[in-house]
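Before we start, here is the structure in question, set down as structure tokens.
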Amino acid sequence: MKVVVSIGGSVLVPDPGSARVAEHADVVETLVSEGCHVGAVVGGGGVARDYIGAARELDANEIELDQLGIDVTRLNARLLIAALSEESVTAPAHNYEEASEALHRGNICVMGGVAPAQTTDAVGAALAEYVDADLLIYATSVSGVYSDDPNETDGATKYEKLTANELVDVIAGLEMNAGASAPVDLLAAKIIERSGMRTIVLDGTDPERIARAVRRGEHEGTDVIP
Amino acid sequence: MKVVVSIGGSVLVPDPGSARVAEHADVVETLVSEGCHVGAVVGGGGVARDYIGAARELDANEIELDQLGIDVTRLNARLLIAALSEESVTAPAHNYEEASEALHRGNICVMGGVAPAQTTDAVGAALAEYVDADLLIYATSVSGVYSDDPNETDGATKYEKLTANELVDVIAGLEMNAGASAPVDLLAAKIIERSGMRTIVLDGTDPERIARAVRRGEHEGTDVIP
Amino acid sequence: MKVVVSIGGSVLVPDPGSARVAEHADVVETLVSEGCHVGAVVGGGGVARDYIGAARELDANEIELDQLGIDVTRLNARLLIAALSEESVTAPAHNYEEASEALHRGNICVMGGVAPAQTTDAVGAALAEYVDADLLIYATSVSGVYSDDPNETDGATKYEKLTANELVDVIAGLEMNAGASAPVDLLAAKIIERSGMRTIVLDGTDPERIARAVRRGEHEGTDVIP
Amino acid sequence: MKVVVSIGGSVLVPDPGSARVAEHADVVETLVSEGCHVGAVVGGGGVARDYIGAARELDANEIELDQLGIDVTRLNARLLIAALSEESVTAPAHNYEEASEALHRGNICVMGGVAPAQTTDAVGAALAEYVDADLLIYATSVSGVYSDDPNETDGATKYEKLTANELVDVIAGLEMNAGASAPVDLLAAKIIERSGMRTIVLDGTDPERIARAVRRGEHEGTDVIP
Amino acid sequence: MKVVVSIGGSVLVPDPGSARVAEHADVVETLVSEGCHVGAVVGGGGVARDYIGAARELDANEIELDQLGIDVTRLNARLLIAALSEESVTAPAHNYEEASEALHRGNICVMGGVAPAQTTDAVGAALAEYVDADLLIYATSVSGVYSDDPNETDGATKYEKLTANELVDVIAGLEMNAGASAPVDLLAAKIIERSGMRTIVLDGTDPERIARAVRRGEHEGTDVIP
Amino acid sequence: MKVVVSIGGSVLVPDPGSARVAEHADVVETLVSEGCHVGAVVGGGGVARDYIGAARELDANEIELDQLGIDVTRLNARLLIAALSEESVTAPAHNYEEASEALHRGNICVMGGVAPAQTTDAVGAALAEYVDADLLIYATSVSGVYSDDPNETDGATKYEKLTANELVDVIAGLEMNAGASAPVDLLAAKIIERSGMRTIVLDGTDPERIARAVRRGEHEGTDVIP
């Protein structure tokens, strides 16, 4: 089984410590020991927000902010790599080809962001498409895709299942709503739609949930069915 | 004045010949001689469609198709460069930083695509944002932004003016409509919206129209007002 | 057995379609499944001629034309890669070292051009020399090495066998003759001569001929004996 | 006058905000407007310590820790660049040659770390040597070179002047003393010694002090006389 | 005036010392101060021969030998750069585009070899063609193009003038003759022929001869007339 | 067992010939055939000294000299690679990550210098630390670590054993002494100290000594015990 896991930055590194990173690395290595091929894409989280906030005050433009964000995602990717066995991976992949070659050699591949104006959500979907993954998992800080941002709207309901087309519509709706934040961005949703990839959005603050979703498809998040 | 011109591949190279390329190069150089700083972003056009079509038949995935497309855009960028004076530019820029440095040195910068899952429409908007351009022009094969694809729908009406928010809504609507093609894609529209950049979408098959739009703001396309 | 196959651009992509590419990829993969190590070097063909023609009209110099040509060869290399199994190869090699490392890992390696003023004919010979190949095959649009260009001269006779020294002499003679085109260029012939590599020049429009030549040395082209 | 300023990470970014960065950028730009050529080398500070601490708990080795640190210094370099005028610099230099070329073009150059097992202190000295700077300034969190770590030892006395040889001896002594931290590391001191470069170590928490030291040689730190 | 000078390795570095390098650098800088744009391409000489000889004994193949040779040419290029003013150039150009951009910025460009199976003779001609030079000078260890290798054949006569076509014929003849060595190789001669570039082959052991040839066209070597 | 061998340039290439290189390559391959993973780091030796001497006369600064030196170390690395089986390694690694990936693939890795102001002694120690080697061997031109430079001081005594702390002290002492040269530099000694790596300094002019030290820990040099 080939799995791409997109781990949000604040899910991987909620604070400067190493505990959560170690747990995520354990899950990845356990899956590999069970025969999975695993690609991980890592987001920027709080450190990215800090740098982007500071740079915005300094009048950096959005592309410069994106580049700061990419640098932080790669820093987080290195931290995950530090927690993985040295046999598996030594440095973040710069692009889909390097990532794919690492998987072919039986290694774990770890990536951060790739280009401005593209979130690591989209990188995760693109990597999954590029390596023809069987499953794409978004390990986010919310527990699935909701009708509204659950942190903003009381009656937001979580979707248990969505088709890829429905996912695009829900995300497009959320993005129109200025206050709301979506667990996966629109570009990612569109890549999922075009590739017809099975996708699960779940709460990654307990990394063990990722392992269960991979092994048995069991999870309390949202299933996106091609 | 700093201008970024995004030239569609089939607008720049409608057929294998050199005539249209020469005309676009003339316009760019004339604008430069009049004191403009000009960045050009070039699309893939028919050659990209040929390669992508062949690769799709060979079961390449979408990211691989995107990479073929990027290669063709860079080939077209080299062709435009061949038509420009050697003093101005010698090779396509690989990223926004190289492009920006070329502009700072007083050169013309020419780019093709940058990363998978991102059209040259979006690259044009991102470059314009990165270099803080005064004007972004899309030289496309249609004469502006329409309510529907004018090649598909008879009563499609052209917008003379749109706010950036309206542009996003119109494009989002067009993209929902499977048969329709939009002159600018949604990611580009969103970058235009967030950056508040003045943008003109016009028919680029007569390159002289670009010069008039830059010089006097005169054109028969669509004005996107921040 | 280690084989390098140099496939002419118009042999691989005689028109924008995918059929011929698929056939060449099948031959390469069949040979690999039979235990061969295969390196492929791909030419530019008609698309290269189109771009080079346009750029020449735009007064590009020969080195710029060479660079356009290199870009097209790499595009064709990607197309061949798209037709190969993803396990085998993900991107064109940039140089002989990358190509050699891919072969050592048991992958197929695919290259286009490497540097200006050097055809893919010469790259094929150099790759064969670098990886110490047992056999170098030129899959061209003519059926071997002739005493004259068979498309120009009626009585041109095909050589069944040539020593490497004779090959150099024949090619040098053809290159002196302005109207004639040779199936392999002089630099390639000289590399073949210095390396003493067994080489076959054959008609590659039916890719199956390559397989037969590799398996049993059977072919109707020209044998170059060290 | 050509100046290289090495700015400690916690001096440039004492906390996630932008205020201090803006002040340092102002000083750099003012100096440039007064005719100076300025190269800046930026350290890692608290964010580097956080990542390195986490990675050490994850059993990363020292070279991996160094690479995390280098990534953070480059992130901080981007932040300083965000605060500088876009005309001056668009991206951190990767090596001394890129940095030197930027200075020759009249730009500001900004660097972070270059290679493992080498602090940004040493990079600052090496850049100063490479570009043949007239002055090297270390903007640190202490007010000069002391006989002992002033945060650890009460009676530590600050040196007003040191020869480069004395600097090497003092730093070597401090490095032997496990608890102490030196404002400049031994490799940097040795580069200063071999190049005979005038160097000032001062408290950079008020960036204006850098400007005064450059303009009139006035400062309350330590002067290292060749 | 734009000049490319191709300096043989044993002409630039006849022995490990620096004297000859300094003289060549002086000539280059003097020409620049007189308004010339100068590109220099440097060969490998004795050090290249030593390394290639040793590697051949170790059974390296010809492409590996070429790569050793390229490395030495770049080392010699660095040595010439060390002798030039730091304002002019900081590192060898990796390809024609970097070289051309350096010239456009008013710098001197210095290159070594570019790719295997291509001498620095050919790189010199290709650079001259790429930057559209007015004059190409080969500073070699013999005093021009001879009918035979003057070190091997007593009655060898020097050509005062040759057309580019004649040059190709003479060089082709020399290369057929196993014992002879030609001052310029066949690929270089063919590039000169196709580009129609004025070329002078002269004895570069006295660098001042280069200056005279550039300034007034006076020299005792061989003139190749387009 | 994982071993890193740092081979001094004049130990590997005492003169332009190939004999010594072949012997070192034999030892490396024999160790590999016995199950060792071997990384080799190669110094610059006499050729580096020649180039650095010439460049110093030309007023190059120390960083430029370091870069010349790095180039020569990479040239020597290529020579060692030429003597190794092509299956094992095709090109020098540019950094620790490439080197580590080569080792993980079961290849030999070969490096030269990495960055200015850092000897290959330090690169050897850093590589050993990065790949978590069991043993680091310095194959130098002296037979171990002495209390003084044995070529300068008659009564210099060789240490049979040193702790890593003692090594740092001895080397620091030698470096203070202007005339003396140490077999390993201070930065290397500090990396050895921080990593707690077992290290042997021995006379590498007979490469067989390296094999004996690896196999049975037998040698007449200096043992550095963590």
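For reference, chains read A, B, C, D, E and F in written order, and residue numbers begin at 1 within each chain.
Keep this in mind: contacts are C-beta pairs under 8 Å (C-beta built on N, C-alpha and C of every residue); 3 or more make two chains touch, one makes a residue touch a chain.
Predicted model only: the values in this text are computed from it and were never measured.
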Matching chain pair for D-E (criterion: over half of the contact pairs shared, by residue number), options A-D, B-E or E-F: B-E
Distance-maximising chain from subunit B - centres being C-alpha averages: F
Residue-number overlap at the subunit C/subunit E interface, same or different (half cut): same
Subunit C-subunit F separation of Cα centroids, rounded to whole Å: 43
Euclidean distance of C-alpha centroids - subunit A vs subunit E, Å: 54
Shared interface positions of subunit A, touching two or more other chains: 64, 105, 132
Contact graph of the chains (line, ring, star, complete, other): other
Interchain contacts, given as pairs of chains that touch: A-B, A-C, A-D, A-F, B-C, B-D, B-E, C-E, C-F, D-E, D-F, E-F
Residues of subunit E that touch subunit D when the two form their complex: 86-87, 90-91, 105, 107
Complex contacts: residues of subunit F adjacent to subunit A: 97, 100-101, 104-105, 131-132
Complex contact set, residues of subunit F against subunit D: 61-64, 96, 114-118, 122, 126, 129-130, 132, 172, 186-187, 191, 194-195
List of subunit E residues in touch with subunit F within their complex: 13, 16-18, 21-22, 25, 47, 50-51, 53-55, 57-60, 64, 67-68, 71-72, 74-75, 78-79, 82-83
